[in-house]
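Read through the structures below before going on.
Two complexes, one shared chain (subunit A), two partners (subunit B, subunit C).
Let's turn to the complex of A and B:
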């Protein structure tokens, strides 16, 4: 909620819960928080019902720190594990129908632009590999071709985790999962390549191994989506349950997969690059 | 909420303060009037236009923020004309979506943004968008959906047949069925106002039969294009806009699926009850703005025709012929609102009836089933299932007369 709207009427502070006071006094709204400050401010996401050791939860938590303007952001998700945490953030979250995220986001962003001429409203889709690459594929691709100005973040755990471990289009070839009893028969979908083909302004692939990088990538993606065009982040967020990764080894697995096939990658359009440079120049001029 | 929240009349405040000369759009130059003035008081002129053009003229005067299109026969003409309205500056935002699931989802998005939103579809397009449409009422999405009915099932045809409306009866959407071009014009504008009432906050579908209404011309009396309805006020609705200017609806944060089964049942059950209660609350505004859920012709007749959509026009003519050529007074009930369904109104209007005939433009007779359910235990009349045409056939009045006078022989 925008800072003005969450502020407490003077004199009523003592009646508010600690949680709420923390959100107003030590929340990230109106201030750009850093990953290094985590633990010293009230985060957008705290309590959640995710599995112990879930890499996706870590990634989402870091994403929330990266949001440049959480008080003017609306999140959109779909069925899947991610929304279990996303619904618990102190940011409005839309949970629509199966695979509808990028279509809802298109309408939402345009509607917000009609209503708020002087206040940028950031729209961020966060959904799983099944939600975006399978059931929501058409909506994702068309939102990119139409150059819709919002960010799409894929929580890629390479499986339908929430329904109990079925193969998705983003599963690696050969993986033995439910509905793939002989191992997956075809390659992992190349969503990065498709994003390039459809003219996405900023594309990033990463894992949660480097927290500062996650926050920085998210910040760039949201800023570029605001001013230039669609942005896409594909994040490896392993499912330690379905892939039987021991809880203490979740980050070791992320480092391992990162080294083998999920290395950090950033593809940025000239226009987006020029925009980021202009922000940097403006910042330096201020100093 | 921020100053640009879009709830004020922009025409009143724009010129004086803007830094550089901002060009006013055609929509900005329209004067905002009350719904009552628009519907009942504004001087009207008669035009001879198609149903699609009537819909276009209604949208022009409805202060629409976002319109999203996708082609399908016989709807395409309407949404391409709405595109022209956007190009002319009467509609603020418009694009051609990827297909109907995408379009209906985007409408859910733009409506949640607080923007007045509309789209239109037909037959297979409605079926494709159905998963999303069925979730609009539960999402308390105020929006207007225009439907130009056509065949939905195989073998493929594009002809008029209104079986698709049967699929809308159980999802909570408010549903009007227009008889002609004038209804299409009037119901569409009224749909926006009813949809956005705080105690309703539901989507409204306005259906007409394809081709018979959409592609044929009829006389439509319309007010000046220099006036428009008041803008939507998303802060005065049952569920707040998802614009991060106010606390979001609890439902989005505490979706029943997140909860224990017991809480899940409770949340979903009470939510459904509230959706249908809101649907019923629309009655008040249907009475106020649309002259009631039904219209009755010859209320004392013992034989009553009950119809909706194009079947009403054919029934009107059958009523005239029965009186002038067969010396028999036959009654007619036009059902304007399918949801909410006019159950008490029909019970009252059919008290004296001995035979009730339900002409329909679909095979399975959804209106007949609705009427039988409504009148069960409240009427001793025989409720005749039909006559019916489907797959694109027209309904000759002789077909209705044959059902009224089974002992006579009509040629059709």
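Let's turn to the complex of A and C:
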């Protein structure tokens, strides 16, 4: 059904770029691709200018595989490193002002529900810890209080990576950064706790050490946001530049931080759990 | 001059575990050739981070990936030239 959205009008194939043709013929549209199939299908993410070995890049790549319906998804981002890759996907992308991503997403999701009554449209915000926990903080909190039905994914590199290393609310206490030369003086913000207090239907915390898990968490978050309420993923996606991690060690660092203080965690409401169970039951009945 | 990842297909094809593909930060960079049952690298997309080397050495324990000078590749596979055409991949990558 949905591959129609991107298919080429007959006769126009020769005018389209190779990349576009590959995407139509060998992309994930209308078929749910698995992490284990990576390398065998054309991904929606193209080349982009994010740094070599950046864990955020890996996380974004895996997120794109996890999206249940990329053809019916709109991404919202803002200033920060992540948008350098998010703008290079074949998924509509809205560049929110730094701070207003979750306000834009709220309006967009409501508008899409009015415009497309018979077709679920997924809205996914992906932005940095600075964008969501600092400048965008009030818009994030209010979107949760209002129970807006979209997914917020925090690319938590624990620093303002794109502007050269200022501390954010999500930086660990004591962390030394270029623009925090004496070490951060305050604790890391508890966004998971805040999400819980504001009644977010599905909350997950993870690192990119387990690709299948990343895709599965994204899928759950997007599905739950479709029907139940707001969802939040907080992902440790180290900045190897500002934290001076040699690129071959990026995943060792992620495993280490995961073991120490960023373990996998999922908090799911009863309603969201019942909804996921109903999807599973329906799938099994189909088989 | 810079280093890119290079996969020894003789070693890789013994298991073809596909782990490196899942951990490379760049999309469609480590590709999978079904005919030859091996992974291979699109060098025009490789940023030389060496993450795949650690994955193949320590997680997969196959030691099939080495970093080599891009100029030492005889006929490098470039995705931007070849396109994503798995039906044409027949084990003839360098």
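To be clear about the criterion, the second predicted complex is superposed on the first by the 278 of 287 C-alpha atoms of A that agree within 3 Å, B and C clash if a C-alpha of one lies under 4 Å from a C-alpha of the other, contacts with A are read in each partner's own complex, and residues count from 1 in each chain.
As a working rule, a contact is a pair of C-beta atoms (placed from the backbone, for glycine too) under 8 Å apart; a residue touches a chain by one contact, two chains touch by 3 or more.
The shown structure was predicted, so the numbers you read here are calculated from the model rather than taken from an experiment.
Taken together in the superposed arrangement on subunit A, subunit B and subunit C fit without clashing.
Of the two partner chains placed around the shared chain by superposition, subunit B is the only one that A:116 touches, whereas subunit C remains out of contact.
Using CA centres, the angle subtended at subunit A by subunit B and subunit C is 130 degrees, rounded to a multiple of 10.
Touch criterion not met for A:185: it reaches neither subunit B nor subunit C. In the superposition on chain A, A:96 makes contact with subunit B only, not with subunit C. Once the two complexes are overlaid on the shared chain, A:282 sits clear of subunit B and of subunit C alike. Of the two partner chains placed around the shared chain by superposition, subunit B is the only one that A:87 touches, whereas subunit C remains out of contact. In the superposition on chain A, contact of A:40 is made with subunit C only, not with subunit B. Comparing subunit B with subunit C, more residues of subunit A are touched by B. Superposed on chain A, the gap between subunit B and subunit C at their nearest CA atoms measures out to 17 angstrom in whole units. Overlap of the subunit B and subunit C contact sets on subunit A: empty, with no shared residue.
Within the complex, the subunit B residues that touch subunit A are 1-6, 65-66, 68, 92-93, 95, 97-99, 101-103, 105-115, 117, 131-132, 135, 139, 242-248, 252-255, 258. Within the complex formed with subunit A, the subunit C residues making contact are 18, 21-28, 30-32, 34, 39, 45, 47-51, 53-55, 80, 83-86.
Of all the residues in subunit A, the ones that touch subunit B in their complex are 1-2, 5, 49, 71-74, 76, 83-84, 87-88, 91-98, 100, 103-119, 121, 138-139, 142, 146.
Across the interface of their complex, subunit C is touched by residues 18-19, 21-22, 26, 35-36, 38-40, 42-47, 50-55, 57-58, 61-62, 64, 211-212, 247-252 of subunit A.
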